[in-house]
């Protein structure tokens, strides 16, 4: 009991330290505003990729339509903010809830499909959502998109605004990590993993596999939707064509790159993915060719991603640094 | 071990990139351009970028601006609004640009106009014709006319010059450019007493239009309006002729380059454009000759517009006498000069949409078989 | 509903569907044998289309149309097959025993490389190119009020011929039988002395060759080609393959036709704006009713 | 024996796979506390019977009744596998189906999840109720592992256990669901005679300790003869004999089925 309390404080302190470090470096001008924006972008990618990892990495159900859930969250949040004047926080949460509702409705009939068939239905739903958003012109602005969506803050100081953006996204990132890691390291979470490991064995142990898949899928859609809501405030602009199939693939790439079934892996994967795209800009026309080649090489020589299904234990590292001991398992 | 080393290297590289780049040196004025250099519409983006670069080179050769060298920083947006936002951020915060030429398509431009206005960066889009682009504020300009003007022009031309009573439209439902033109054409054509007998749509990237064209053929219109880019138009034109639609097709500036990319199926078709490369006009001739000499291709309308946008920025900087945003913006608004794409000025007290004329081009049989060529047909003034 | 209009749209749909079918076969064959969704297959279509473009350009005025077409198909199928085999050997083979999702992402990587590689290659480039098909093939045929273009006739004839040849090949030749054996049970086939590696290579070659042929037909029907042209037809053909029951060759043919007809009829009589949504909606409904596609066999997991 | 109430009654159950009757009119009654063997040559349909009883494979025809927690017999054919498991039916698999990438302890905890009283929200918020329940589950799981001598390896990944221990872990996992009826599918497969003997002693022990009714599939006849009270013999999906071990050993049909197989 005591050890858990200390771990919790350690994690809280570590999170606060990371946040203060980045925000502080930005404030004194060591980290440029652009890179802070990039880190914020990576934060949203990580939130959505973590949600994908829950259904694909932990539950073993390949989903190829997460851009669809993200767009539902993004449009819902933006519409609540712009048309109904609801404050941002409840709007983002409503976006997540709307996405979760859709996840529930879509998951209900489709989750009994297996493997590639599930993958193709999620892809199909992602495309359908996009087409529908494109045609609900009165609400979504159609193909011209929804522009001038209010951001997180408007203080007049661009750097302060950038730090506030980062703060919002960091808090949601921390909550996502906390919820998903608490979930997977609990009794229901282990059952979710057992579905990935062996569905028939799990059902034979008295577990309602369909219910657990639904749980995982709905929670996954919830966080993808929250990621979308944050996206709308970060980019201030939404366009259905942005949330296409290839956009969904990005999240799969991040999850696989980091390691399916690894939360810390996804965090690393999201950062590397976002920054690699920036670094590769120096290659100009050859950028995407090299990006594709890197992807292939990574998959060939690093099949389990950066972390495999292991986790980087932050508390253990901190305990070691602080000399608190606690190697005991 | 290998993995640990790699992770360490990645972390170091990550930290290294966070460090801010050196700010532009004091004897430079930085401007930026955001264009789709890769992705499906890169054919337009690369020419626009090249034209802007050519303008900057020319200006610098003549002594630069305000005694300083003009430097153009290029970012690729892959035609994605999300990438445009990040690219804009990078140019503003890392390169300290004072003005931007871009973006190319309206969604990309729309995604950054709010920020540009907020940060007081003069933004001149060469090609985003969506009407709402300039709503964002007085720092947003364009060197092209907008969709409602262009749609009106073609509707007027169809009714008056071609005596069309009925028209059909086929447009890209995922593309706001195409949709905007569809709307303004429909409004103007109907207002002038015509009837739109069929309006059909498709999705970006579609190749098969047989279903829609079969319906249009059944409605037998006098003209068919096809507001899209040339690669799609060329496919639609071929299939329209196969479906038995023999009436003239009308288009807009997206048709630029159609002559090099289509055959006899587009003969006797008309489209509106920003300039005619073979116009007997000093500015046009000089521009076309220089561009051909430098890049070995004939410049399209977008190149001309990007070239004009770059000159508009340079001229305004000179007129303002400083890079102070307020003065610079005021000088931009006071632009009144003949450029490659014609006389450009902004009416006082309105959104910064230029007052300029459109040319109507006609496709006629060329020297070789199945190789149409473009001729000037008419000029429509606002 | 106007019957003539309906028949015309049906004809349009069948013509489009036959191209989807040809591409879908490539997906289904590869999936049947190595259980990989080969996302790069759409880009094989693009390669085939470019080969067709070069062949037609070369043959312009110099050869008879028949020769030009034969040359186009030979070149496209040859280069495509070669690409397919090279990709299989270098990218997919090392991953045969890896998690399936790795192979899937590798396929996406291959797709990105092929598309953007084509963009930077000087002789392909980013600009769309117009394909000039032989004079003899332009124009339309009219009979009792229905219009069909000569290219559409050629498309139907070629697709049907290729599908027939493939069916005969798979059913009656030694290699074809070995392919079916490997698809059924790779371990058992290995024990029976079948060289699985060789069969997988041949499967990729045949699948890619058909994709390449589909590319030529695509370029003739829709004569504006660019490096990204394979994405949409690839996705749709993939949907068609799943629709028909992935792994089943007759399923892919049927799936392609159903997709083409469904898409065209939706555009013709329901809504052009929602056409793609309707296609995917039909797919999902079919999968919910028949979870393994129309002609797919439900596999029972051994407990 | 008849004074003991039945815990399971299967009446004329059959299943058809693509025209093949894999199990045909199979009858079985298990009384409380019995240890019954189900034997038969390869492919006789033994595992299929297990799958039918546990709801993994739906029946084509027939009826199955099982004793509920209230003591009455309820129809279970048509119920989902997890619902049947919750009635108190634990099982193991012929081809070991552990959760390979979970630890030994977690394998048991998954089997106890359906007994959970706290909600998912408790888990996410780490409430006190949740922690107490997790600790109680873990303690019970460790207790069970100790019975099988696996408590020292509770943090090992299941896939890293040696084969024999994997088989034991499967039984432990089945017991963790809190069953009254245990179905063991060739628990001794792949073990040497000494390990088999040990396992059989263990099975007898847990049967007493947890007051279980056990149905056991075994290929090795001599072994089944040793511990089962009653044996049913299956061939080509049909019961060809049933009775005490002595009766079965003398039954000509059984001898034929087995010898017939061996001469092939």
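Structure notes:
Letters A, B, C and D mark the chains as written, and numbering starts fresh at 1 in each.
The rule is short, and it goes like this: a residue touches a chain if its C-beta (ideal position, glycine included) is under 8 Å from a C-beta of that chain, and two chains touch if they have at least 3 such contacts.
If you're wondering where the values come from, they're calculated on a predicted model, not measured in any experiment.
The chain with its CA mean position farthest from that of chain B is D. Put simply, the chain nearest the middle, going by average C-alpha positions, is A. Each chain gets a centre from the mean of its Cα atoms; for chain A and chain D, those two points are 41 Å apart.
With centres defined as mean CA coordinates, chain C is found 35 Å away from chain B. Look at where the CA atoms of chain B average out and do the same for chain D: the two points lie 72 Å apart. Multi-chain contact residues of chain C, defined as those touching 2 or more other chains: 116, 119, 273, 276, 303. The multi-chain contact residues of chain B, meaning those touching 2 or more other chains, are 38, 173, 203. Counting only residues that touch two or more partner chains, chain A has 131, 134-135, 200, 285, 287-288. Of all residues in chain D, only 54, 56, 80-82, 85-86, 90-91, 93, 97-102, 106, 109-114, 116, 118, 120, 123-126, 130-131, 133-134, 137, 155, 173-174, 176-177 touch chain A in the complex they form. Of all residues in chain A, those touching chain D in their complex are 1, 4, 179, 182-183, 186-191, 193-194, 197-198, 200-209, 215, 309, 329. Contact residues on chain A toward chain B in their complex (touch as defined above): 25, 29-35, 37-38, 41, 131, 134-135, 142-145, 147-148, 158, 235-237, 239-242, 268, 271-272, 275, 278-279, 281, 284-285, 287-288, 306. Taken in their complex, chain B has these residues touching chain A: 3, 7, 10, 13-14, 17-21, 37-38, 75-76, 80-82, 85-86, 89-90, 92-94, 106-107, 110-115, 118-119, 130, 132, 136, 173-176, 179-180, 203-204.
Interface of chain A with chain C (complex): residues 56, 62, 109-110, 112-117, 119-121, 124-125, 127-128, 131-132, 134-135, 200, 245, 249, 252-253, 256, 260, 285-289, 291-296, 299-300, 303-304.
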